[in-house]
Amino acid sequence: MSTAAVSSAAPRKGADVTMTVLRRIGVFALTVWVASLVVFTLLNVLPGDMARAQLGMNATDADVASFRAEHGLDRPLPVQYFDWITGFLTGDMGISYSSRAPVAPQVFDALQVSLILVGAGILIAVLIALPLGTLAAVRQNKPDGVLLSAVSQAGIAIPNFLAGLLLISIFAVGLGWMPSGGWTAPAEGFGDFLRQLALPALALGLVRGAILSRYTRAAVLDVMRDDFMRTARAKGLMPGAALRRHGLRNALVPVVTVTSVEFSALVIGAVVIETVFVIPGLGSLLMRAVDNRDLIQVQGIVMCVVVLVLLVNLLVDITRTLIDPRLRSAR
Amino acid sequence: MRTPHRHGLAAALAVAALGLTACSAGSEDGADDAGPAQDASVSIGLAAVPANLDYTTSGGAAIFEALLGNVYEGLVQLDEHGEVEPLLAESWEISEDGTEYSFTLREDVTFHDGTPFDAEIVQFSLERLDEWTANTPDNLAAIDQVEVDSPTEVTVVLSEPDYDALYWLAGPLGTMFAPDSVDDLASEANGTGPFTFESYENAVQMDLARHEDYWGEPAGVADASLVYYEDAAAAANALRTGGVDAILRAEAYDQVESFEEEDEFDVVIGDTQAVAVLAMSNDHEELSDPEVREAISLAIDKEAVLAAATTGHGTILGGPSVPTDSYYQDYSEERPHDPEAAEELLEQAGVEDLSLRFTLPNRPYAEAIAQVVQDDLGEIGISVDLETQEFPAVWVEQTMTNQDYDLTVVSHVEPRNMINYDDPDYYWGYDSEEAAEHFAEARAATDDADYASAMEAAADQVVQDAPGVWLYNSPNIVISRDGVEGLPEDDLGVGMNLSGISVDH
Amino acid sequence: MSQLRDAQAELESAEQTQPRRRCAGGGLILTGGILVGTVVLMALVSLVWTPQDPTATSAVDRLQGPSAEHRLGTDGLGRDIASMLLAGAQIPLLVGLVAVVISLVIGVPFGIAAAITDRGAGIWMMRWNDIVQAFPPLLLAIILAAVWGGSTATAMVALGIGASPGVARVVRSGTLQVLSQEYALAARAAGRGPLHLALRHVLPNIRGILIVQATVGFAIAVLAEAALSFLGLGTPPPTPSWGRMLQEGQSLLQVEPLLVLWPGAAIAITILGFNLLGDGLRDRFDPRMEVRR
Amino acid sequence: MNDADAHSSAGLLEISGLEIGTSSTRLVHGVDLQIGRGERVGLIGESGSGKSLTLLAAMGLLPENLKVSGSVRLDGEGELLGASERRMASVRGSRMSMVFQEPMTALNPLMRVGEQIAEIIRLHQGVKGQPLQTQVLELLDSVKVPDPARAERAYPHELSGGQRQRIVLAMAMANQPDLLLADEPTTALDVTVQKQVLELMGDQVRQAGSSLLFITHDLGVVASICDRVLIMRHGRIVESGPLQTVFSDPQHPYTRGLLAASALETDQQTGRLMTVGAVGQEGRQQGGPGQSGLGQTGPQQEQTGPQQEQAGPASGAAPHEVSSEEPQTFDQAAIFNQTDAEPLLAVREVRRTYGRAGLFGGGRQVQALRGVSFDVRAGQRFGIVGESGCGKSTLLRILTGLDEATSGSVEVSGQEILGKKERQLRWLREAVQIVFQDPMGSLDPRMRIEDVVAEPLRGASREERRSRVEALLEEVGLPRRAADRCPHEFSGGQRQRIAIARALITRPKILMADEAVSALDVSVRAQVLNLLDDLVRDYDLTMLFVSHDLQVVRHACDTVAVMNAGQIVECGPADVLFAQPQHSYTASLLESIPRVAG
């Protein structure tokens, strides 16, 4: 099919990459702003009286009024939004209704914990998925490949909290190898930190790894069908070498893309895993804030999660641009 | 720093007992062989999470349970039998008409930040009660003013006699605060108690450290950590895997048996002040009919409720008082499980197709109770819709404050919660002149016997009117690993005193 | 795009003669179908019959092992586990169904519209889509549970809305594919408007993608419902649901592991079934397009 | 027989009894093939003939699910069929190399071009470092890639199709292989580029003394590069021999038909194109996508096309002057083919610019049309030729209201169509219809033929619809009952007939054909062109025929405009323009056409 005449793209990569990255960051900022509107709107249609819920039944109307004034709940919503979002940008998420402490430090502490957990989960998932997914693709018609496929299928079907419960039951309570939960910051004791991280990270990573390995398998299968793989073989590369030199990097592009989707799945998976393993991360904080109807805290946490997800999307986008030169000069 | 002392087992037990009562007598004797380590630390698993540290404005027993008696102290405290005994006040006198309480204060007490404790502090703390929004400050509404007689003498003047006043002063309402500290009660705790407050990571862990300059018997452990597990099974797992040394107020009822079977764990089942009560809204047309309420009472199988909620641990109740109350009477046989009779009653009342909205806190015990009740009421033709509400936030707002419910259930852990039947505005909506008279009599009582008999009469009246169904008094389950001694066995509805705990290595 | 590679053509013509493509993924579809069918059957049967009343509590019967009366034993409230397992299939399936329908109802028109107006509004529509996608379904469900309290309805709505951006994305790329085909141009040259294009050309041709998407979406919704119930934000008691059973059973895991294993297995089998079905259908409808959400 | 035989005596590659099949179907039936040292052999066949599979079998790169038997021997290596992967790997790229059809996908998109070339040298020669670098640059230079140093650092997507194919060729020739296998290496390229690449390939092979096995469907291409040809059909070799012999004196009827069809020869008596439709009815089951059944042997079609005995000249339009412009730059575009009478179609100064400013800048603009003006009179057959990217398809889309012009004016029957709302263009939808290139893509696979054909029809009753569809199907040479079938049941040629039927159902005044026969096998191409010819006459159509194929345009049109880079560079009566091209671009286009009779 004929296409419009395209002036032959001059390879001026440096400028292209910078432009692409800058444009992505611009879009990211815009996206975050709209997302903040969504979060604020969603959470400010809460029915019921925040103040009364927080103060309990002995509170008088005056108490309620002063609570509302103290937390600025008596001002028009646009003003509240403006205050919240400008505060958010400067790292001030307001004062928690229930703990009466600033929200931001709690959220940041919890965020660190969750990030470590999610990071460990992704690491485990990737370490499982890349080799196994590739193997399953290469050996797709052989018994071991089929077996790998089946195992990963089964892995996907197990909810991560069930995996968590079973891991606790076997390795913590049953065998006593690991603690059943809790959290130690790495600075406070690296051994304890690792021991406590092991099971929840596994619970997260195993299931995500199973899913990611399916994507990897699909991506590698796709790549193995590509023309340039045939070219590589025609050059005289052995199948394995062709896959290593030409296939894997190409297969990585869709896998990296999927990782961004996987990341948000992991973050939300961490919410559940944190409750199972009593880990003071964002998930635990969120669940408690929801229980306490601590609107301002919920708002801060949700916004953080959303920014995080968008940020990872941005990073993945940029990573793809770096891996795939075609995206650099994309329109 | 004192040198580590070694105690024999007997001595250890003695210390433990002393610790519980936290009496002022020193027991620095008996230094020998292996025993509790002075520099030991203990970590204790708990279920209920403090929202913050300020129990003057934040509801929930978890805060004062952790802080009262450990960090904060009042003029008086409850001994292990629930009797009032001296603490920061060495002694007191009550005027003939019961309206003036004169306390003589200890002299050598300072707050952890160095503020000296004196009569001014008492005046400040007790006159500040009108700023409280949580933990039923109305229980001490009778306090009119506090007069400073001398630095160590203070008189609390009541506007009318209240026999319960001392009792309430032994609880959170009687806490002594340093005036400079009240601005950040939510995040700091500055008291006179045996532990200093170190840190609180919200909903995760609270760290207390022994206050070395405590005026009384120093705490048995150097550090105490309260670790919070909202999920009972997680707490039990933590105990099993060495994450904590003990769990207090354990709700993992199902696991009690398996812990009892294991040698390395000790299980103690103590008392609580808690009353699990199924409240029936007086605003509801059919439910305002005593026959219908009676029928519902008869329809509920309390054995089944107890089995479902606590696997049978605890005491089945028939009335609003608990066994540890001085005015306790056993009403459990009053309305035995009798579905047929219940059905007949309903028929008599001419009620058909009754459909009720049951709001319940999202707590395992409440969900278990609700499902049994739903089932039981279904048997007699009452259909029940369950509506789970987050506890405390939503339940307190919707059910308790707005009183928007037909049926609800909650375990009232606050002590002597029966007096709320004297408050027609309480969510129970109970309003009885007869009962009110008895409650007034009780307040005006000047000795225990009068008080108890008046309260008994009130209880009789309440039970007769059946504004709710009293289900059970839950047990206080304490599970600890071997070697941890001196844990508070009973939950008296005040703080849990940790100073008596000792840990064997 | 349309350049045929000869070998490919030769191969495909060979495949055409033997109906290989027809039965592609047959084994997966069969296995998945059997698993899903079993679950659906469980739900249907439980509508009219269960061995016992799945909500009937009985204090004396609590935590019993399997017996003639209780095939799989009883739970902590003395309820019959077998009956709860059967009836517990209803909620996941209902949530899955409604969530998938919601995600399709939102995502399909959105995706098609974004593709048809690809240059102008379409770009902004997809940006919006990206934003919504930054709210994972489960997070959305938690937020909605915070707003309205946890219930089956909020779970269904949240999961449906949360899944819709994924649907929209897939639909958009499928629609762009269709619109780039000459038959779509021919339809436009014939004076047919966007609605005709959408209904007569796009929908029938992305049907396969939609079925695959719906199947996978079903599995995700079932999983999310279980997680929500586990967190206490899903289906409230006494309605039996596997997620709730898991949550109630976890405190008894050390005492009676089967209370967790039964509902856990039921959830796993359901998800496995839908995933296998989805993979099989994907193979059948489009052997080239692999898992790509 | 002459020196072609002398070559084959020094056998390099010997394929004998090669059979390839799936578990149930045999695709290649006992192919025998010998190639001598330095010999250049063309393997000719239409799609689905098994020629590519034969090639892949020689390289040992057949898909795993295919079964292969027979023998493939390479001089000095012995039997290759069933040889170990390791042994094959050492042969591939060093003694036997391959060039593929699709330059867009044959290169690893994530690897720099230089590295991809270096890889094959390193692999077989073990050269490293600076010498390797030098060798790569030399190779790039030898395949005439402009600015080798820059190309070496470039990624494939930064190069044009022709440049990429040069890179692939450079890779294939890097180790001076004994045998180069080329699989339709120029099919995806424009004619001018094709010519250059073919010449380059010929030079390279000659210099290296390599043998060549060249696969194509295009007889003209073979003629320019090979000295011996084999004709393959349905998995069998039906004829072979020296190029001259086979082309001048074909023995097999299929070869004869193929030759006639590809040269677009006309029957002396009827003036119609020669087809191979009548030849070789032994055809296999009709195929689906990817296979354009030769000879219309589908079950629903026994007769080939409506063979009306209408004679007459191919062009019915009045002659007119040539108005070609020599200078490369036009200040104002001239109006081509201008007429004093009211033209049916008047195109003035049409410009189209693609590209947009991105959300955050960075948009790129492409000028697809730079001011095109011409007239078409009623009854004319107006052809537009040009290479890919010249703007011809864009132009056609604007004329059919599928795309919007950036500026300019288009009047059909005196009515402006640009800038109008779809509602105001109802009449245009009936007056102008279009036939597209791709017989796969132009019919919705999910629709029944009746719905496909009737799609442009509005407001007709069911019966009327049905009867008109059936009537039209008959006219385009398909049975009435085809209306109830689905597109996948038809071959490529049949589908194109259906597309034509759809275009005619509104009885349009103007029929636009966008590369309408380009995707068809040569044998089918002739039939479809004949059909168009008949229909244009029967329906009194004015036709706009866009193609990259000069031969086809020359046959199908009476007036031809040549487009380059968004402008018309020359326009005139077909005969005149082809005989005496005025513009240098037209001349170079004409020169590039590969000719059978070379």
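As written, the chains take the letters A, B, C and D, and residue 1 is the first residue of each chain.
Here is the rule we use: contacts are C-beta pairs under 8 Å (C-beta built on N, C-alpha and C of every residue); 3 or more make two chains touch, one makes a residue touch a chain.
Predicted model, so just to flag it, every value in this text is computed and none were measured.
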**Request:** Using mean Cα positions as chain centres, tell me which chain lies farthest from chain C.
**Result:** B
**Prompt:** Between chain A and chain C, what's the gap in Å when you average each chain's C-alpha atoms?
**Reply:** 21
**Fill in**
Chain centres from averaged Cα atoms put chain C and chain D apart, in whole Å, by 44
**Asked** When the C-alpha atoms of chain B and chain D are each averaged to a single point, how far apart are the two points in Å?
**Response** 88
**Prompt:** Of all the residues in chain A, which ones touch at least 2 other chains?
**Reply:** 1, 27, 168, 173, 227, 275, 290, 293
**Request:** Indicate the residues of chain C shared as contacts by at least two other chains.
**Result:** 2, 5, 250, 253-254
**Asked** Of all residues in chain B, which are in touch with two or more distinct other chains?
**Response** 231, 237, 240, 362, 390, 394
**Pairs of chains satisfying the touch condition** = A-B, A-C, A-D, B-C, C-D
**Message:** List the residues on chain B that touch chain C in their complex, please.
**Reply:** 231-233, 236-237, 240, 252, 254-255, 257-258, 301, 303-308, 311, 362, 364, 367-368, 370-372, 374-375, 386-390, 394
**Message:** Help me check something: in the complex, which residues belonging to chain B touch chain A?
**Reply:** 49, 51-52, 54, 57-59, 132-134, 136-138, 186-187, 201-204, 227, 229-231, 234, 237-238, 240-243, 362, 390-394, 396-398, 400-401, 427
**Prompt:** Given the complex with chain A, which residues does chain D contribute to the contact?
**Reply:** 59, 61, 64, 85-86, 89-94, 97-98, 100, 102, 105-111, 119-120, 123-124, 150, 153-155, 157-160, 168, 171-172, 354-355, 358-364, 366-368, 388-394, 437-438, 515, 548, 565-566
**Complete:** chain A residues touching chain B in their complex are 48-49, 52-60, 63, 98-101, 106, 109, 168, 172-173, 176, 178-183, 275-278, 280, 284-285, 288, 290-294
**Item:** Residues of chain C touching chain D in the complex
**Value:** 2-18, 119, 123, 181-193, 200-201, 204-205, 207
